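Listed after this line are the structures, all set down as structure tokens.
In what comes next, chain A is part of two complexes: it sits with chain B in the first one and with chain C in the second one.
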Partner chain A sequence: MTLSFKASMVGPSRVGKTTLLTAILAETETMLSGTEIDLVPDEETEMRIRRNRKELRRAIEAREFDSASLEGSQSMVRYNVSLRAAGDRVQGIPFSILDYPGAWLDPAERSRRPEARENWPECEAHITESLMLLVPVEAAVLMEAVTPVQRRAVADLLGFEDVEAMARKWARARNLPEHREEPAVLVIAPLKCEKYFDDNGGKGREAPRLRQLVREKYRSMLDIVLEETKNRTVRVVYAPIDTYGCVDLMEGEWTDRIDADGEASLDFKGHYRFREIPPRIKVKAAGTVMQELCRCVISGQDRVEQQQAAAAKATYNEALERKAEPKGFWGAIDYHLSGEASENKSTRLSSHKAMTTAEGRRAKLAESLRNIAMTPADPRVEEW
Partner chain B sequence: MRAYLMTRGTERRLDYAYLGESPPLRWWQSIGRWLVLEAAELVVSRLPGGATGLLLSGIPSQRRDVIGTRIRYTVVVDDVHEDPALADWLVRCGLADADRERLGQALDQGFEPEYVDALLRDSGASTGDGSAQEGLAGEVEGRLLSILRAGVTAAPATSEHKDRPGPWVGGVQDPVARQLFGARARLLLGETRPGVAFTTHAVGSVEGAQRAAQALSGAVTVLLHDSELREIQPLRAAPVVPSSAVGVSGGKASAPEIPRGERGRWRAMSAAAVMLLVLVAVGIWLLAG
Partner chain C sequence: MGDNEERLDAVLRRRHELLPVVDEQIDRWRRILQLTTELGDAVAGTQAVDPGGDIAERLGALDLAGMARAARDSLDALATVRGRVNRGTVNIGVSGRARNGKSTLLQSLSGLDDQQIPSGRGQPVTAVRSRIYHSRTERGARLTMHTERSFLDEVIAPYHAELGLGPAPRDLSAFSRHSYPGVADGPDGRDADQPRLGPMLARVREAQQALASYREFLTGGTRTEDLAGIRQWVAYPEADAEPDRRPYLAVRDAQITCAFPIEDVTALGLVDLPGLGELTPGAEAHHLAGLRNDIDFAITVKRPTDTNAMWAEEDARALQLIGSACEVADPRDFALILVNTGECLAENIEALHSDLRNRLNDPAQGRGYWVILADGADRDAVREQILKPVLEHLASVLPRMDEAVIADTVAVCRDRLDRITAELDRVSSAVRALSVPTSTEQTIARAESLRAEVAASLQEWVDELRTRADNEYEDTEFYERVAEVHQAVRDWVLSGFGEGAEEWQQRALNRFRVDRASLPFASAELNRIRVEMARRFAAVDDLLLQRRNEYWAGLVAALGPRFAALIDGRDTGPQEAITALAAVLRDAPDPCPALAETFGFALDVRLDYRTRVLPRLRRALDVLFPEDDDPGSGSTATTLLAVPRTAEGSAELYGRVTQLARQAAYDAQAVLAQEPRTTAQVLFAYGEQFEDAFVRSDSSEAEFRRLVAAFHDLLWPGEGTGPHAAAEGLRRVRRLTTELRGSIADERSRTVGERKGR
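So, the complex of A and B:
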């Protein structure tokens, strides 16, 4: 079985996990152009991405774009992708991104869903083993909460408590000695940001307020991650994304609801309108998230190659030492007649070859990283 | 026969869940990789133990969740072979959009938005009252079965088609493939041989269907939703061959396999051989002298 690198998302139901995943995987060709890297999904992943895109496109074509979201997930799904050097036909670096129903994040919800109970250990293992943790944020929920009761509802709607709990587990796992040398990137990705920016066809000038709100509301999560990763560094990336680029939030509607504790609370619904007719999808900043992900996967693979090269070198040196060591008369006869000499030679040759191959692959990976680094990041994206 | 219904509520936190009781065995998990349960999929299965199951997903509701996304239903019926007419009707719902829409409308009538929200909310509140929970589950199942059975009586009978033997793949757009899929579903439910017939949005090629057939046991029938396949193709049912492991695990590397000289194995034999050679040489020298 081919094991792969992992990336995960943490967010409650209807926050936009599948939408984010589709945004970053759907436009890979444009995102990675000039990097000489290809992303090759397996057939099931390709079909799912295509279906999600079709669904969004259908909504746009029908001019029925009120939800600005894909249908909620019903089950756990792994999106399997392979990262390859452009034109390379051999198997690339496999990685998989996990999607799952947002309700599973809540331990109380999990406990009453047999499917969630059954699958959650696998989900949690995937999340804690992930090189990258993506936290999608529904920007409008943060930005349109004005009154105290609306602001109170935000914590629940964005699932701060569950997200923080999961971020802690992820950070703790990243800090373990066996994962310490691997990359660790936390991406906070506000979605549907069209209304708040003026750099993608919109007129919004609220980018600073969005950044400030995200910093404020996710400060405790960032503190947790910092606290749990004392022995390593974690890259924190802030990536506000225009999921569609052709819609504007016109109005946020807050509706009454009963929360999990049976108390009155609020829910949020955004009403959107098209900027232009016919609408044209212009995703923004998702490419940089994909670049971050590729960078992460390549760095992870580089570490693997480094380990393989080191292991091959150790084998080579051991074989060389054995060859050179004084064996005495009988020992020398035994060394040659037993076939050990020829085995030793073949060990030295194969380990040398493994070393050279690993180093060659590392050189290619370094080149890929350079190519990604040369591709300009979206100016909206910041490292915190 | 047991029937289960999955849907979600209007509020954000009322995510997809079974109303009342959940199926005790998620028998469709073995083919989960090839199912997009958010879309219209149909699975008919007979397990080696003889149990049967039918899953119908992507049944559209007129309800929308709080952010305006259309809600769906998933129906699961265990031991569906006990009611062949119902099974036949559900298979038709799985293969024809109009029938599925009709089923969605019927479910909407039987499960009003307020009722669904209340059920999902109640399942969230741990009352600890087991009999009340059982009563609720029974009520949901009763409603569901009466809706499904009403659909059977309203629907005209389906004409019988002969099964095409062996595993095969077809396109859902192909009327012959749809008819044969129905025949296979009837056969699975009517006989005792294990197998599975399913539609998929997760595979679009014969090769993809072949991979599925190789990974599954029993008679496999695959109907592709997103494919231009216009005629039925046979599939080979072969055992799964595990692919070679690559030394990557969440960023962890395994050391490469490097052949090494085996040092001790021939040691005794070679020493004995050398000794023998020396003795022979000495013997020859003595004899010659």
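So, the complex of A and C:
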């Protein structure tokens, strides 16, 4: 397994996860501008992002686009990105965000699906090591459900069952003794919030209602997390994100459907229009995800340094050995931020010049990481 | 002025002074009679509404009819006294069977002749009994006419009764068509009655045949006639007159005024009393009534002819009648037997005189009846031998007779008062043994029960409103209506705003060319679309108003059938019903303003589109404003509306305006889709407030009591029978008993006070 900083994502497919990642990349790049540090996706992630950008361009040409119907996530997707210094083609600080079907948490479901059986050990390990649980929410589903029958359809459409099961699994892992010292952040991220805010070119005044609805609908998930992390704290971040920033929900369409259990329910599809011509993408608050991940890393690093200063080296090493078995978060801190990775690489390069260059890049990376973590949060973002 | 005149005037003055006292006493006794009658009705009422009940059983044993009879006795006695003291003249009645010279005597006494007081041979000629008053200045006749009703009741009905013909005809037309039999069988169908009934039947048939001659005079009014023309109004037609002309049948009473040939009296009246044996129905009763009410003294005339020279049984009966009419006075003070000697044989006169002297006035028994022998046709003899002695006699005995009549009446009244008091004590005793809630207690209990009943049903109604206000309540009808209106608006948008996409684009292009800009057209269109869209969404108003009507209907139903009964018979909708209820409560005898106000509050529900929806819907339409309120904010809308002034540009603008309109319509429907819940919450709040104010306000308890007190019968319409009604009846009996006791005490104190004062 790659030694990376991990996050897990749970939410219905087609909620806009790839668009979210695209937005995260875009905002992180803005934060990194002028630093010679890039956020680089791996090949598969880049393909997804490329495809997503192509669809967006087509929509802009058409002046209108529709959101896809929401469904439970059917397959596992891993989004890998790295913070990497310019010119460094291999190394960097890798982040891995795993999106997988919540239904896999059910052993019976897993037994029916070969893909689930095959990937579950990897999934489980990823969830256990995830610093962050990211819950994307389609804001329009919450906000546009005005009749009782529409409101009743919300829970299914937003996959509350999967989300809550996943939250329990993640929180329980975070509460294990070996992970109790590690950071834990739960990010609830309503997406496509353009219509409800007036701080990004829109005229909406419904931010309080969105916040209230999210609190109300995700209360039981938050209760589960609280209940499962009695021996530690979890940072809960509410981050309503504009993944486009230049669209308005034009019409919401509720249509009849038969759900997986054969019961009559409703489906929701949003029809969007561009607010201005030509449209200019104005992502809002998407950087929160990277910021929170960087904060986790920085806080881990700070903790290591504090312990180094406070204890004898031997004691520290013992502790490090204990925490690094298996390598996990602390191993990743040590490997990527304390110089092991570059030393290994330098050993291979066998050149002093190369070693000096690598050390410089490491320092820049660490600084960028800290800068991202320290960037003030978007005013929309709240810690609950 | 002679001595007699002075003394008789003094009698009349004294009588006149007594009149107001007697009238007051009559008023008090009338009140007592009214109360005893009402009490009887009330007791009968309790028995009727709850026949087997305790109340009916206990009160059933009482003799309330006896109380009313006693009151009537007193009133009868007082009426006699009143008749006496109310007379402005000293009246002398002249009685006697036909053909004994009664009319001749009246002529001699009054100075009138055959034209005014018909006398004659053969059949009796007096059709209407006159009263004749002495006046030195006035001369004439005043006739009081029958009404149709009094004619049928007093003239025709007695014939029907006597002849056994059933009830009298109900009106004159029926009388004119009535088929009378040829032979009078009488009620018993005995031939023996034929001689008596035959002439009666002939009289009534004559009256029927002559109806046309007097029908026009049955007015109930009075007529003044000259004495020269009075005969046709008081006498049967002469043999040579038209047989079917009988105007006298229309006369109810005749008063003749003329100067009597006397000097020493001013206030004198003569009353022609109907004779016994006259073949008219009810002759005897009329005679007695006349004796009782109209006269101070009676002269019985008897002419001793060959066949009439003995004091016969009918003569004795006439004298007995006179005695019974003046029970308290000695009949010998009250009556005189005139042996009319005119044209009679001396032996006949002597025979009768002897008969009177020996058989009627037994010498062994001291004072007998006053008998005078005189010729009734001899006016001088009548004046000197009859009138003067009679007036002298009356001047002497009338004060004594008046005292006796009054004393007797006082005794009768006191006795009846005692009887009524005794019966009233029995009533009180029976009533005391019965215990029912007082009217106030019952009103309070009823008010509480009504309040509790209404509170329960109002709470059910409010619970129903609460259910509707719940998040999960689905007003399917409303959502469907909203979807329908939204779809209609959307169709309008997509059909080129009602004019077609191509036409719209062409119009846009034309305007671009005129204005050399796209923004003016786009702005105007957005403004037009915004206004039209707000107007089109007003189509949901009907459903909002329907919800309000349903709220009112629910309220009316929750108030229950008792409140509905307050406006029973008004076939109205719920709004009108609530308005009417408010008016009923406001205009009640003791108004219930707070309850009425709560109805006013319920009527003031504002749910219309303009008040409820438009303010929020307008915000949904903001997207259709071509510019932001703050021009410095860098309106993005402008970038949408600025298009090339080409066909492509107009198509592009059409697409963008359509998108904005779709968004506005969608947002507007979302506002409307939230309306059922908001509306339901509003109605729930109104309902809750109504229920609270109606049942629990400060004044609610008091006003429910007033309501029950004022409208008890309407609120509990089915309670005309049963124990509740009997209890109500008992309360009435109690109230009347108390009132009657008060009236009796008043009468006793007055009677005692008057006796002391006298």
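The rule is short, and it goes like this: the second predicted complex is superposed on the first by the 241 of 384 C-alpha atoms of A that agree within 3 Å, B and C clash if a C-alpha of one lies under 4 Å from a C-alpha of the other, contacts with A are read in each partner's own complex, and residues count from 1 in each chain.
The rule we apply is simple: a contact is a pair of C-beta atoms (placed from the backbone, for glycine too) under 8 Å apart; a residue touches a chain by one contact, two chains touch by 3 or more.
The structure presented is a predicted model; accordingly, all values stated were derived computationally and were not measured.
Asker: Which one hits more chain A residues, chain B or chain C?
Answerer: Of chain B and chain C, more residues of chain A lie in contact with B.
Asker: Quick one: classify A:R151 as touching chain B (first), chain C (second), both or neither.
Answerer: Second partner only, chain C.
Asker: Applying the document's definition of touch, where does A:P190 land relative to chain B and chain C: first, second, both, or neither?
Answerer: Once the two structures are laid over each other on A, A:P190 reaches no partner at all.
Asker: After lining up the shared chain so the two structures overlap, which partner does A:I258 touch, if you call chain B first and chain C second: first, second, both or neither?
Answerer: After superposition on chain A, A:I258 lies in contact with chain B alone.
Asker: With the two structures laid over each other on chain A, which partner does A:K203 touch: chain B (first), chain C (second), both, or neither?
Answerer: second
Asker: In the superposed arrangement, which partner chain does A:A103 touch: chain B (first), chain C (second), both, or neither?
Answerer: First partner only, chain B.
Asker: Contacts for A:G11 in the overlay, against chain B (first) and chain C (second): which applies, first, second, both or neither?
Answerer: In the superposed model, A:G11 contacts neither chain B nor chain C.
Asker: Output the chain A positions appearing in both contact lists, the one against chain B and the one against chain C.
Answerer: none
Asker: Can you check the complex and tell me which residues of chain A touch chain B?
Answerer: Listed in rising order, the residues are 1-6, 12-14, 43-44, 47-48, 50-51, 66-75, 91, 93-94, 101-103, 106, 108-109, 112-115, 118, 129-131, 156-157, 178-179, 181-183, 255, 257-260, 262, 267-270, 300-301, 303-305, 307-308, 311-312, 315, 319, 322, 330, 333-334, 337-344, 346-347, 350-351, 354, 358.
Asker: Under the definition above, what is the set of chain B residues touching chain A in their complex?
Answerer: 6, 8, 11-13, 15-18, 22, 24, 26, 32-39, 57, 64-70, 72, 74, 121, 123-126, 201-205, 207-208, 211, 226, 242-253, 255-256, 258-263, 265-267, 269-271, 273-274
Asker: Sort out for me which residues of chain A touch chain C in the complex.
Answerer: Chain A residues touching chain C: 63-64, 144, 146-149, 151-152, 201, 203, 248-252, 271, 273, 275-277.
Asker: For the complex, which residues does chain C have touching chain A?
Answerer: 471-474, 479, 622-623, 636, 639-640, 655-656, 659-660, 662-663, 666, 670, 673-674
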